[in-house]
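In the two complexes that follow, subunit A is the common piece, with subunit B as its partner first and subunit C second.
Moving on to the complex of A and B:
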C-alpha cells in the first residue's frame, strides 16, 4: 500500500468520525486546526485507523500524535512489523 | 506563532492559585464555586500539598489541569481520586492522558478512581485498561409520606418479606475524628478499595467548610465495623437525606432497617448512590434500587433538578471497588452564597 493510499483512507476516517464529508486535511494539519479533534475524537480515530489497517499504535504511539502525518507514520510503522 | 509547541507538565505551586482560578473561569464556568470562593478552593486543593498537575505552554499559560484528592495519609502509594480534569484544545490531543501519566509517575498511587466522567470518555479509560461503570441509586423511602415533593414516586413495592427484622445493629453518631478513631480502627483496610485514611475523613467530613456532614458508626454487638456519612438536602420546601459515604464491612447494614426507619423521619427518603455495594444487603436493609422502580430520585440540588442522573466512573481496580457520591468532588457545593 502506498503512502498516498494510506493517507486517503486516513482522510476518510477523519471525515467519517468528524461527520464532515467535505473536511479537507493535510499531512501537516494539527488538532488545533481541525475542529473537533479533541481527546475523545482522537481515540475514536485511533480505534478506526487501527481496525482499518490491522495495526496497533500503543499508548506511546497515541501520545506521539500531534499532526495527521503522525497517524500516517504510525500506520506505516505498524504495517512494516 | 503557535504557543503550544512546547508544553510542560508539573505539579502546581501555591502561587498558581490565581492562574488556576482564571483557567477555570475562562475554560470551564465563569461562576464556578472554585472561581467565586478562594476559601473553598484553597480548602479543596491547597490545604497541604497543592493537589494539582498543570500543563503550561511556552508562554506561561495554563492549557490543562488535573486536580485530585488523596485518600491516604501519605502523598505516595495512596488511593487517588481524580476530581477536576480539563484541557484546552491544543496540538496535543493526548494532553489529558499525559497529565494523568505524570500524576501516576509522581505519586505511584495504589489505585486511581474518578466519578462523574463524561460518557463518551469511557472508551478512553477502557483503552487504558481501566474498569468503568455507572453508579447505582438506591433509596429508602419514608413510607409515612403519601405525596413526595422532591422525588417522584407514584407507588412503592411492598418489601417487608425481604427486610431483615433483626435490630442488632445500631447507628451511633460521632462528632469528631477522635471519637470515631477511638471506636473504628482506621488500620483495618477492608477488601474493598479505596482505603480512606483518618486524615482524609477528618478533612473531608468533619472539617468541611460549607456542608454539615453527620458521621454514624454501625454498632453491631460491641464493635463498630463500619460507618456511614450523611448530609441533608433541601428542595421544594422538603428534605431528603443522602448517604454520601460508607466505609467498612457491609454485612451489618442488613440489620439496620429499624434504625433507617427512625433516621428517615423528617425526610422524604434516604438516597444512597454507589457502586460496589452488595445489592442483597441493601434490599435486606429496606433500600430499593431506583432503576427497578418507576421513580425519579434527584441527585442535583444546586440548582435543584428533578431528574434521574447517570453518574459514570472509572477505577484502575479490577475488583472490589466501592464508590459513593461523597467520593471525589461529586458531593460538593455548587452555588456560593458568599457568606460561608
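Moving on to the complex of A and C:
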C-alpha cells in the first residue's frame, strides 16, 4: 500500500468518526485545527485505524500522536512488521 | 437496520456510528422518549453513543446524563444536583470489576474476607437504596466480570481469598437483590464476558488510554444487552415468533422429501441441529412467547411435519399455523390480525434470503434477523438480538401462549353464531372488578407499559406509581379480570381516575387486546361510574391522546355518551360526561365487584 492510499483511508476514518464527509485534513493537521478531534475522539480514531489496517500502535505509539502524519507513520511501521 | 443486527460488525458500527444514528432518527418511527442516566465506574462516552443506536433500533429515543468519570456511587449517594435536576426515567450503573474497592489478601482469614465481602455488598446496597429513594425509577446494575488473572490458579474459585470466588459472591448478592426488588435489574456482564471470552473483553490499552472497562469490539454486545433490558422495562419486548418450516424446523423440504425424508431428531447429524432449535423454541413457548408458523407448504404436510415423532414440538404448541402459497408478507399480516397484536411484536425466522427480503419490503414492523442456513444461527439471532427479553417471570407470561390459543378457539366458535350478542352470552363471561390490590401491582404495571391499542392516554407508570395511586384518596384506580368458558384471560383492564375539583378525570384507561370486542370496557366503566357516584362527584372528564396505535379507541368516549369539550394542541381531545346522562348498557358479563 502506498503512502497516498494509506492517507486516503485515514482521511475517510476521520470523516466517518467526525461525521463530516467533506472534512479535509492534511498531514500537518493537529487536533487544534480539526474541529472535534479531542482526546476521546482520538481514541475512537486510533481504534478504527488499528482495525482498518489490522495494526497495533501500542501505548507509546498512541501517546506520540500530535498530528495526522503521526497516525500515518504508525500505520506504516505497523504494516512493515 | 441490519447493521445493528447480530452478528454485530463492531468495526462498521464504531466507524459509522454518526451516520447510522442519523438514519435511525430519520425513520418515521414513533419513538418512546426516555431520560437515561448512565453512572459510570469507567468511561461512558463511547458506550453511550453505541447504546443510543441500539435503543433507537428498539424504538426508544434516549436523552442521556453521564456522571463525572468514576463518580457513580458519589453522585447517587450525595444526590448530585445535576442528576437530581435531570430526573431520570432509568438509571444504568455502569460498573465493572475495576470498581471493586477492596480485594482479599492471601494472608487474611476466611472471617476477615467474609467481612470484606459484606462491606462491598453494603456499599452497593447503600447506593441502591439511595437511588430508589431519590429517583424512584428502574435501576439497571451491571454485575461483575471475572478478573483476568487468578493468583491461586484453579483454587481461585474455591478459596475465600481467591478473587474469582470473591466476585462470584458479590454477583450472587446482586442477583438476590434483583430477585427481591421489582424495579432493579441485572445487566449480566459476567455472562456476556464469558460468552465473548474474557480475553476479548478486557483491553489493557483501551483501559490505560481511555479508561474503558471493555474493548471496542464488545460495545455492540454490551449495548444490545442493555437495550434489550430497557425495552423490556418499558414494555417493548416482542411477543410472537413466526417460523418458516422447511430447513428451519427440519432439514429438507417435506413436500418433496416426505415425512420420512426430512432430517429431524438425534439420529442424523443434520437432524440434531434442527432438534436443538425445536427444543429452544419449545422452551420459549413455555415461558410465554407465542409460536406461529408461516410456510409455503400444503397445510397437511405442515401439520404432519410439526407432529414428527422425532421432533420436540407438537402442532398444539403453535397458536396459528399458516401454510399456503400466498406471499409471506400477507400471511404475516393475517397472523398479527388473528392474534390481535401489533406487527412490530413479531419476529420472523426464515432461512431463505428471498422470503426475508420480501417480508422486509412489504410489511412494516416485524423484526427479520439475518440468519445463515444453520439452525444454530437462528438461536443466536433470537438470543443476541434480545427480542424476548423479559424483566420478570410472571404467571401472565407463562399463561399467554395458552390464552392466544383459546382466543383462536373463540374465533372458531364465533363463526357459528349469526348474532354477536348470542355469541357473547354463550361465552358465560365473568369479570372481577376491584380497586388495585398489592398482589396485582406488578401485572398492572406491566399492562400499563405494554398496552398501545386500547389506551386512551398512553401514560406509562412504574410499580411505585401504581402503589401510590392505590393509596391516594383522590385517586380511583380499578382493574378488571375476565374469564369465560374457554379459560381465564387474567388481569386485562385498568382504569385510573384522579379527582380534580368537582370532576373525576380519567388519567389512564386501557385494556389488553386479548379481550377486544368482549364488552369488558362497558363493565369497567359502569363500575367506575358507581364508585364516582359514591364519592359524590357528578361529572367525569375523559382525555384522548392519539398515538400511532390507539386508533381503535378514538371514538370510545363518544360511544360511551361523552360530549366533546375541547380540542388539545397535541391533536387530542377532552370529553365530559355529566353523570345524570349516563346509561348503563347490557354487556353480557356477570360482574363480581370486590
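The rule is short, and it goes like this: the second predicted complex is superposed on the first by the 81 of 81 C-alpha atoms of A that agree within 3 Å, B and C clash if a C-alpha of one lies under 4 Å from a C-alpha of the other, contacts with A are read in each partner's own complex, and residues count from 1 in each chain.
Basically, a contact is a pair of C-beta atoms (placed from the backbone, for glycine too) under 8 Å apart; a residue touches a chain by one contact, two chains touch by 3 or more.
This one's a predicted model, so the numbers in the text were calculated from it and none came from an experiment.
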{"item": "A:38 touches, of subunit B and subunit C: first, second, both or neither?", "value": "first"}
{"item": "Partner chain(s) touched by A:62 [first = subunit B, second = subunit C, both, neither]", "value": "both"}
{"item": "Touching partner for A:30 - first (subunit B), second (subunit C), both, neither", "value": "first"}
{"item": "Which superposed partner A:19 touches (first subunit B, second subunit C, both, neither)", "value": "second"}
{"item": "Contacts of A:78 with subunit B and subunit C, given as first, second, both or neither", "value": "neither"}
{"item": "Which superposed partner A:48 touches (first subunit B, second subunit C, both, neither)", "value": "second"}
{"item": "Doubly contacted subunit A residues - partners subunit C and subunit B", "value": "39-40, 43-44, 46-47, 59, 62"}
{"item": "Subunit C partner contacts - residues on subunit A that touch it in the complex", "value": "13, 16-19, 39-40, 43-44, 46-48, 51-52, 56, 58-59, 62"}
{"item": "Complex contact set, residues of subunit B against subunit A", "value": "2, 4, 87, 89-98, 101, 118, 120-121, 123-124, 127-128"}
{"item": "Residues on subunit A engaged by subunit B in the complex (per definition of touch)", "value": "30-32, 37-44, 46-47, 59, 62-63, 65-67"}
{"item": "Partner subunit A, residues of subunit C touching it in the complex", "value": "11, 14-19, 22, 43, 45-46, 205-206, 208-210, 216"}
